[in-house]
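Both of the next two complexes hold chain A, though its partner changes from chain B to chain C.
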Partner chain A sequence: MFEYTVLAGIMYGLYFGLVGIGLNLIFGVMRMINLAHGDFIMLGAFLAYWLFHLFGINPLFVIAISCVVFLFLGIAFYYIFVPRLLKSKDPEMLSFILFFGLSQVIEAIIILSFGNNQRSIPSNTFGHSTFSIFGNRFPISWLIVTIVAIVVFIAVYWYFYHTKLGYATRAIMASRDESLVSGINVNRVSAFAFGIGLILASIAGIFSFFMMGAAYPSMGTNLTVISFAIIVLGSLGNPMGTIIGGLIYGLAIMFMQTYLSSWSNLLPYLLLIAVMLFKPEGLIGKTVRSA
Partner chain B sequence: MLKKRIGSFGIILIIALIFIFLPFVYNNQSFLFNMMLYIALAEGLNIIYGFTGYLPFGYVGFFGAGAYSASLAILFLHFPPLLSIFIGGMGALLVGVVLMPLLKLSGAYFAIANLAASQALYYIVANPNLESITHGPYGISLASVYNPHASYYTMLAVLVLSMIIVLFIRTSNFGLSLLAIKEDRITASLAGVNVAKARAIAWGLSAFIAGLSGASFAWYVSVFYPGTVFSLNISVIVIVFALFGGIGTIAGPLVGSLILYSFYNFIGISTPQYFQLLYGILIIVLVLFLPDGITSILQKRKIYVP
Partner chain C sequence: MFKIRFLFFSSLMFILIFSATSTFGKNIPSVIKIGTLYASTGPFAKASESQFKGLKFWVHNVNSKGGVFVKAFKKKIPIKLIAYNDQSSTATAAAMYNQLITQDHANILVADFGSVLTSVAVPLAKEHRRLLFDVTGTGAKFFTPDNPYVVLTSLPTSGRWPYTLADFIIKHKINKIAIIYSSNDFDQSQAITLHNKLRKAGINIVYYNAVPSSTSNYAVLLHSIKAKNPNAVIEFGYPNNDIAFLQNLGSSGLKFNMVFTVFPGQLFKLLKSNVGEQGLAYTYTYPTPPLLRYNKVNLGVGIDEFEHAFKAYSGQSPNFLNVAGYNVGLIIKKTLETANRYNQLSFRKAISKFSGKVFTLNGLFMVNKKGAQIGEMLPIAQFVMKNSKLKMNIVYPEKMQTANAVYPAP
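Showing the complex of A and B:
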């Protein structure tokens, strides 16, 4: 039982790292909390759902499609909202409210178009087989999601440390003004980073069916709070730290569900409040801002 | 100052008279009740958000805490309804005191932590393990004390109280010290404002108003579920109403609620998503073009908005 909980917790944790990493990337680059993050996860889930049920497209291939769709969406949203917000008198608070409005719009449009129903992709899409570690059996879809999460983390790492765009992104994360002075096209790089943030959210959405059972239009707010708890746990503004936050969250939720299941839905909220009050800089790494 | 106070007091009096006599000519009492409820909540939110800049995203937590404290006082202690409503306000105040450390956080962090706190409260109240106390997810029935007329006028009293508190804050030195905190906490404390005490008072008043409103709501509807009184939509709608009218004034949240709730009643009842879509768009447009609400149009022309 204990072994099973730990292993499931690690797999869930890696998935939840994936859920939070897009939010953290956008926060790191723009110092804005994308309160519509959960709704972009939901959009990713609905994209995968329709492509699967209409054309039988395997969720793994949907990743490629969502990369294109959400990159454009991200760049468009960036240029519509962000430069204007940055010029206002209180960008942090106003962007928070604005993205909240955006999340309401997305949720309402999806409910009006498709109804407020639970949607799911059958869990045997990747075959009926199971796999076992140390004698504990898990569905094969968990293994696939875990591998996807790890591949995504490697890709994000590679982007940050081995591409020109990644260097520029990290420079902006360190100091927006200084990057501007040293000739980086801050708007273009940030827009691209915003797009990547949304892509990461949508990938988490595509696999939400296998880790969370079902997707529904109003799942966004809850996911945003969970993602926020995860990135605060890891370290705000440090995307790679999200993985640690995700792992802690995944393990904690698995132990709660195993040993104290009726109270487990309280966990993300209590965790969030506790970390913000007692260790606002996150459990690891350097302080990016003391809340 | 005195002249402004008398002018604002006139507005409160007019609103009170309207809601006293309107039920005799307009028979949709539940619409009027909800209108008063949202004005009171918008003014309550205004106390903390409008004057100190802390955005309480989990404002509904106080509302629900008030509804539940009052209901439990009626069901278990057999208190009369009016006393129970006061208990509801005190229950919300207690939650406010417990959450006071959150005020150390700033800006969006406070908003998210407050949101998390209200959700945590919801999951505690709705937990089936506490069925013997809170009736868990099965809801509360106050059929034994059901009295729509008495609860209607109780709500009116809460509404008037909320507006008088905002009137007092708006036209007093206390209000000025709150505005100083909103501008810059450190400068405010250097200028001699007791920051911790002032914002704690504003926070407590704000919680108290939401608690009283929640308790009156519980008495008025008399049957409700945890999901009804802890619905995040209440926070959201109240924030939008206050923002739309313009925070930091008495008139702003009042005008915002009057316009938008009428509108909501007109289009939103059958398919609430149309209203959700509308207020989502409204938030975006407001933030981009009119961040201080519609009353700021007057203020820009140097017209005093009470």
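Showing the complex of A and C:
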């Protein structure tokens, strides 16, 4: 069981790295916690659900559609809300209220539109078979989700370190004011980064059915809390640190489920408290937290 | 002499006038206020809204006939339903129940769905001496000898649910049982009952563990269970737990001779749409109305008539929780028709009076001295595939049996 638990924890953790990475990217660029992050994951799940059930579109192909939809949504949201927020006296505090409100609105719209029912994509969408690692059998959907998560992490890394927009994004993450002075179009880059953050959330949502059972309108709040714990564990403001946070979360949950199942939800948050007390910049982070 | 007569008649007139005004002017309410909660968001939203919709349907029916007959006033009085949204939060629910009692002065208090949201209502109702009509909060701890202010209307107290399941396992000599349950009153009391009954019968329980109610991934748990090599896996959870459990089981490639979950028998459509027919095939559950068809009733309408009327009212086929919400209305109606006085303890006495004599679309209504439901009995059903279609058979007890259990599952 130990071997199985480790492998399951790694796969589950990589998925939760994907769940949290969008939140960390948005925080890194704008120094704001997107409290509606979990709701964008839920929107991704509902998009995948409807495209699958209405048109039979495989969740893997929904990724492409979600890239377009959520990039547009992200840019629109950014220009509608963020510049105004940044002009206020206390943008960080106001952003909490704004994104909390946005979260409630998204949830209410989905409930009014589709009702409260739990919804799922069949677990055998990627086939009935299982795959084996060192003799341990896992659902094929877990392999697909793990591959998608790794591809996404590579893409995010490539974006940061091999594209002009990525350089600009990192510059803004280091100092928004200095980036502005050095001629970077901060709003345009931030809007794009916000869009990418939402795309990442939506991709996590598309595959949520295979890792977290059914999707439902109120799932977002809990996911935002988990995502926040993960990014603090890794490093607040450092998107790549989210992978470490996700892995710790996944392994902690799986080990607790195996050996002390009734307390399984507790350990990740105990770890979070420990990190806040002894290494508040996160396990691999520099001292970047300012909000 | 004249003075004495004058005093006598004056006193008589005073008594008559006083009693007339107190009966007709002061004490008869213009409406019966029923206070309840529902959750439009959160993990209990689907179940809670279904239950609430059933209650609203009953109120609509009663009011369209001029209200409910109240024996204490010997007249029909319309119902006013006061409902607040607790968003599946116990903290919000506690505040809202308090508001219903202290601010709205609801005459009748009806609990929200399930043990979690009912748990905060029980002590409040007791403190304010208000009878709580508990619809589906079946946690065994709610019912104590010192609390006359709670009555469970729609399901047996959860500690009794696994009685037939335990008998089924014992009768079929299924040894090596795994029990996994969500850590809440509802599931824990079922797990404890089953555990104790099976242990007493000498059956080996190889796995017995709780998981948080928010658990959404059972992959590792299923492998931990498989490592113990059980013949039957019993999962006690809420709908989200059952969905995740059955999905993970379906995709894991693991096979067990017998798998039991709670909610396919209550929210069949929801579970079928989430885990598919293959995911439910050969699993066992507790069937409830409308899967169980009670048409010979002496209170309200039978399940066929209800199904038809509810569909016309809401445009949807009813599920169990719609039935439960409607059923609590029937019990309230019977209580008001029976109680000689219009106060909370008289309501409770009235319920004891008709307990065991009332059969509704939900089955026999019978409560014990603690207010726990003991009339309804939950049989055991198994879903089987017949001609590539999912079919439900009642497999236990024998007097209700429609087919033999397919054991071990193919």
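One rule holds for everything that comes next: the second predicted complex is superposed on the first by the 278 of 291 C-alpha atoms of A that agree within 3 Å, B and C clash if a C-alpha of one lies under 4 Å from a C-alpha of the other, contacts with A are read in each partner's own complex, and residues count from 1 in each chain.
Operating definition for what follows: a contact is a pair of C-beta atoms (placed from the backbone, for glycine too) under 8 Å apart; a residue touches a chain by one contact, two chains touch by 3 or more.
The model shown is predicted, which means the values in this text are computed figures rather than measured ones.
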{"item": "Partners on chain A (chain B, chain C) - clash or fit", "value": "clash"}
{"item": "Touched partner set for A:Gly101, first chain B, second chain C, both or neither", "value": "first"}
{"item": "First (chain B), second (chain C), both or neither touched by A:Ser175", "value": "neither"}
{"item": "Which of chain B and chain C A:Arg84 touches, first, second, both or neither", "value": "first"}
{"item": "Touched partner set for A:Asn185, first chain B, second chain C, both or neither", "value": "neither"}
{"item": "Which superposed partner A:Asn58 touches (first chain B, second chain C, both, neither)", "value": "neither"}
{"item": "Chain B versus chain C as contact partner of A:Pro122, first or second or both or neither", "value": "second"}
{"item": "First (chain B), second (chain C), both or neither touched by A:Phe210", "value": "second"}
{"item": "Touching partner for A:Thr163 - first (chain B), second (chain C), both, neither", "value": "neither"}
{"item": "Contacts of A:Tyr269 with chain B and chain C, given as first, second, both or neither", "value": "first"}
{"item": "Interface residues of chain A shared between complexes with chain B and chain C", "value": "107, 111, 262, 265"}
{"item": "Contact footprint of chain A on chain B as seen in their complex", "value": "53, 55, 101-102, 104-109, 111-113, 115-117, 119-120, 123-124, 127-129, 232, 236, 239, 243, 271, 273-274, 276-277, 279-284, 287-288, 291"}
{"item": "Touching residues (chain side chain A, partner chain B) in the complex", "value": "33, 81, 84-85, 88-89, 92-94, 96-98, 100-109, 111-112, 221, 225, 228-229, 262-263, 265-266, 268-270, 272-273, 276-277, 280, 291"}
{"item": "Sites on chain A touched by chain C in the complex", "value": "1, 4-5, 8, 12, 107, 111, 115-120, 122-124, 129-130, 137-142, 209-214, 216-218, 222, 253-254, 257-258, 261-262, 264-265"}
{"item": "List of chain C residues in touch with chain A within their complex", "value": "40-43, 45-46, 49, 88, 180, 183, 209-212, 214-217, 219-221, 223-224, 227, 239-240, 243-244, 247-248, 250-253, 270, 273-276, 278-279"}
